[in-house]
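Below, subunit A partners subunit B and then partners subunit C, in two separate complexes.
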Partner chain A sequence: MSAELFSVFYQFADVFAFLILSAAGLAIVFGMMGVINMAHGEFIMCGAYVTVGLVNLGVPLPIAQILAALTAGIIGMIVEYLVVRRFYKRPLDSLLATWGLSLIVTQSMLLTVGSAVRGIGTPEGSFAIGGYTFSTYRLVLFFCAVAVLAGLYIIFMKTRFGVIARATMQNAAMAKALGARTGRIYSISFGIGTALAGLCGALYAPTMTLIPTMGATFVVESFVTVVIGGANVLLGTAPAAVFLAMIRMALNASYGQIIGQIGMLFAVILIIRVLPEGLSSVLVRRGR
Partner chain B sequence: MNSGRIVGRALLGAVLGIAAIGSAQAAEPPLKVGLLEDVSGDLAFMGMPKLHGSQLAVEEINKSGGVLGRQIELIHLDPQGDNARYQEFGRRLLNRDKVDVLIGGITSASREALRPIVDRTTTPYFYTNQYEGGVCDASMISMGAVPEQQFSTLIPWMVQKFGKKVYVIAADYNFGQISAEWNRKIMKDLGGEVVGEEFIPLGVSQFAQTIQNIQKAKPDWLLTINVGAAQDSFFEQAAAANLNLPMGSSIKIMLGFEHKRFKPPALNNMHATANWFEEIDTPEANDFKKRWHAKFPDELYINDMGYNAYNALYMYKALVEKAKSTKLEDMRKVIASGDACIDAPEGKVCIDPKSQHTSHRMRLISVGPKHEVTVEKDYGTIQPYWLGEIGCDLTKKNDKDQYTPSHLPSKS
Partner chain C sequence: MLKLLDGPQTLGRGRIFWSCFLAVLAGALIYPLFADSYDVGNFAYFLIWIFMALGLCLMWGYGGMLSFGQTFFFGIAGYGYGVLAINMGGGTTTIAALVLSVVVAMIAAGILGYFMIWGGISGIFFGIVTLSATLVLAFFLGQTAGPEWHIGPARLNGFNGMKGMDPLTVGSFDIEGSALYYLMIALIVIVYIALRMLVNSSVGNVIVATRENPQRAEMLGYDVRKYQLLTFVIGSGLAGLSGALYTSWGQFITPSSIGLPAAAMPIVWVAFSGRNDLTATLVGSFLLLFGFQTITVYSQQAALVLMGVLLLATVMLAPQGFVLGIGKLVVDWWGRRRRRDEAPALADTSRLQSDET
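After this line comes the complex of A and B, so read on.
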């Protein structure tokens, strides 16, 4: 019995971690900044490739993962400076620009690095409960997802940078009039977003096949989670992930992956129909 | 967004073609071979060896005098794993470029997308993958292995060695669905039990739930016919969760070279039946591998699709030269005579007149904990007999259909 219960928790944690880690970066870039970043998956891919590259050079996995997230963040800031900056007032154009970027990046990776890279293997460690065996690393992913949520909350709600950043996203002109350096705020926020995308790739790199288009497997889930979360990203993303993870886990367990995927997307359609502002609109109203 | 690349490819093809004509001093125009293989997108890692195999064969054939004295011009387009693009590019090659032969396609979905378009022309089409079998179509010549060569050998061996309970993980499209049907039929005949079947949408990469479903069902072994880079993540995740079950497949190792892409021991205890895998150790195979690696030193693995793609051009050459014609109907007369054979690196392979599928020398291979590949059993040459047995006879009637164990030809 306890084995079954733990198994349910484990499966929930697994889907939850996947949703949170793939959506966290996008929550900032798309949810807060309003940039429809079609290259989100490529920042995830960047994190994964840098991790594998560093591990192959002999760097220990956790350090490689942190460096990979930082790399994705720095590349993100460069991309923000060169491309994204020009599109803050033109969200639909930002979609085209970042999509173009994504095509260029995947094809360049294919041409330079090749069509497949040898994986590094998941860190050893599994444990058994009842008739089931579980991979320890998947639980590590869950705790990383919780840590990312906590970190985001602290950065954006408890620090001076967070207050200024939220003010800038709400009304850039006013924030600028009050002395905030909005250009820099945008740049750092975008960097944090892409660093989190890189972290997602870095964390999943040991468990997946590495190919240049690997980011695509994260993109649908990440956009769906952010959209369901709604306008208030910090309040919305976590409940959205909990909600979608429960639905997906329950359907996966009883009816298999196809129904799990269909069911999750169906729930998304329902939510958008009933709550066009996303889950956070309900939570914010309650809070007031 | 593709036009620049297409123009580039076309120009490159034209330049190469001109260069080829110049060197051979041939008066006759070159034979145009249209090739559709994915070298970008989710299946690029499998498609790249197919392009390379075709290029190697064309280079060798052109150097040794061409086909009927004519050089071959290879026109390759990259459909990027998109079935709509397969159709668009297929039409382009057939109607505008007027190729003499069309080769290619990776997934069975792409093949079925192409086939109706090919059927409206008189151009021969070579499909070069192993697949779920059953296509009875006079326009199509199949170079890869089919279920009677792969499943009718592998599944009884797995049942005998590991037990009667199997759990199936399959990609959710025609290849996975029909292969699973084959497994059900063969397991039933053997008195075995399919304790679970899970069809997975392409692109899914997370398998924690699947792994637990498997542990709950307690099978003796797994049939893994999952497809694509994302779904291959199953092996890493199953190994991390210490699932530790024997696995069998018709596409792993020789086709997806998972044992080269994943860190050992993720693919430990995987078994497959194949007409080609790079570890084949015969003088002919070694010579072939040497030529391949000399031309493409960075190739991670020569997979069976790449190998079949290479053979397809030699089979085309043999058919054209025996028929003394590039017309499909003349080539089919050679096939009907039962004389359509080539000496391939695996040994002699022939096209079966009734089904236009290829006989193959099949071997059962196993992967060890260090990802070393050993040959467990050599079945010798196996004919593609199933279609002929159920009543497909292309020498008499062109069905243009795909049959499965549950969809047999009507008796009339």
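After this line comes the complex of A and C, so read on.
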């Protein structure tokens, strides 16, 4: 019995991790700046490529993953400085600008790198409970997702940066008047967002085929999670991921991946009819 | 009715603009007499996509709803045409298949639009929900390779796409080559004129008022949601028309004309052209399609990189669109020169339209 229960939990954890890891970065950028980064998938791709490249050079996998996340973060801050910064007052244009960027990056990668990158296998190791065998790496991914949420909680709730960031989020003009350097806060937040995207790519790199268009496999999940979650990462994205993971898990188990994805989309469209502001609006209102 | 052709919502009015319009139309009509049939077929291919661009222009430029789902409805109608044409058995019924597939796309738009608009989704989220739906449809169609995925005798065929449907046919006459070209020209003129009349009518004024300020429009007593839904259904239906015509033109359709990067293309055309004006969208989209096709022959990736660069450049340098911006510049320059040369009384007629050139 406990083996079946664990199996259900394992499947849930797998989908939950995927949703959290792919959406966290997007949600932070949206929550702080109201900008949806359409190049999110490309930062994920960047993380994956850097990881694989470093591992092929002989760097141990965990270190390569951390370096990949950092690389994506730094590139993100550069992109913020060059492009995104101009569009904080025009969120729709930021959508277009980052989408243009995404097109440029994906297609240039196809032109220059092509699809000829040697992948790395999923780290081996499995454990058995009852009659079932489970891959250890999938559980590692789940714990990474939980760690990301915990890390965000600490950064945004327990540090001085977090206080200023939340003040900026609530009222940027007032925060600026009180001496917060909002420009720098935005830049760092965008960096954190893209670093998380890079981390997502780095963590999933061993499990996937590396192609320049791989970002597209993440964007639907990250979009719907953010749409349902709303502006608050901790109170929105996390519950949204729990909720969507349950739907997805049930459908995946009986009908397969694609029906799971379609079902998730239908659930999202039904939910926005009822809760246009996302889950976080309900939770935040309750909290007050 | 004809008074609605010119109005505050569309650039270009008066005798000079319409003379230019007629001149371009006449040029388009006699073009097949001079060009070889391959070029005529290519031109017909560019014109297929214009409907989709005009639909997006209506939704985004006039209605303020940035839909990333044009290829979603393109795909629904494209596959719909294939399924219907195969099931109903070709011949003149292909015309019915064309109409029905566009209706199906409009019904889909009505359902999706109802949930989004009545749910109060707008701005950024409107874009990413429609894009999510688009990508999911593309993924779904991509994995329908097995023989179990069929509707009647029509196989969906996964990534390889659906094929084997008849082109548009009347009796035993296939509408192909220059016949298709003339059909496209006729449809574009009808759609363009109809959209001009729509946006300059009282309904169009409400649509624009909703874009400017939904609350205020609502306070004035309009149920803005109905107007938004109407806009969304028309705009998406035009994308459906493109899709059905596309399938009939090439007698095949694949999921790659739905997913990324295809979904970004209508956005690039309309943003680059100038979303606030139908004429600018018409001209700009045609130019971009022409350019894109020319480069694609050498490298599709390079052409797509260029599209990305154009999109980025447009939002950074000319958020209102390049074609519209250049058009306005020329009009201003012309107007100033006219005013300097002639009596100021002529200023009114000098607001001529240069986008047509």
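A few comments on the model shown:
Just so we're on the same page, the second predicted complex is superposed on the first by the 285 of 288 C-alpha atoms of A that agree within 3 Å, B and C clash if a C-alpha of one lies under 4 Å from a C-alpha of the other, contacts with A are read in each partner's own complex, and residues count from 1 in each chain.
By our rule, contacts are C-beta pairs under 8 Å (C-beta built on N, C-alpha and C of every residue); 3 or more make two chains touch, one makes a residue touch a chain.
Everything numeric here is computed off the predicted structure, so don't read it as measured data.
Superposition model on subunit A: subunit B and subunit C are shown in a clashing arrangement. Legend: residue contacts after superposition of the two complexes on their common chain; A:Leu270 is shown touching subunit C, with no touch to subunit B.
Of the two partner chains placed around the shared chain by superposition, subunit C is the only one that A:Pro91 touches, whereas subunit B remains out of contact. Applying the stated contact rule after C-alpha superposition, one finds that A:Ala216 touches each of subunit B and subunit C.
Legend: residue contacts after superposition of the two complexes on their common chain; A:Ala253 is shown touching subunit B, with no touch to subunit C.
Contact with subunit C, but none with subunit B, is seen for A:Ser102 once the two complexes are overlaid on the shared chain.
By the touch criterion defined above, A:Leu70 reaches neither subunit B nor subunit C. In the superposition on chain A, contact is made by A:Ser126 with subunit B only, not with subunit C.
Once chain A of one complex is fitted onto chain A of the other, the partner contacts of A:Val227 are limited to subunit C, with no touch recorded for subunit B. When the two structures are aligned on the shared chain, A:Phe134 is found in touch with subunit B, with no touch to subunit C.
In the superposed three-chain arrangement, subunit C is struck by just one stretch of subunit B from 109-117, 217-225, 289-297 or 361-369, namely 109-117.
Within subunit A, the residues touched by subunit B in the first complex and by subunit C in the second are 103, 106-107, 110, 213, 216, 258, 261. Subunit A contributes residues 34, 36, 83, 86-87, 90-93, 95-97, 99-104, 106-108, 110-111, 213, 216, 219-220, 223-224, 226-227, 258, 261-262, 265, 268-270, 272-274, 276 to its touches with subunit C in the complex. Interface of subunit A with subunit B (complex): residues 7, 10-11, 14-15, 18, 103, 106-107, 110, 114-122, 126, 128, 131-135, 137-138, 206-209, 211-214, 216-217, 249, 252-253, 256-258, 260-261. Contact residues on subunit B toward subunit A in their complex (touch as defined above): 1, 39-42, 44-45, 47-48, 172, 198-201, 203-206, 208-210, 212-213, 215-216, 218, 229-230, 232-233, 236-237, 239-243, 260-263, 266, 298, 300.
Of all residues in subunit C, those touching subunit A in their complex are 66, 112, 115-116, 118-121, 123-125, 127-129, 131-133, 135-136, 139-140, 143, 259-261, 264, 267-268, 271, 299, 301-302, 304-305, 307-316, 319.
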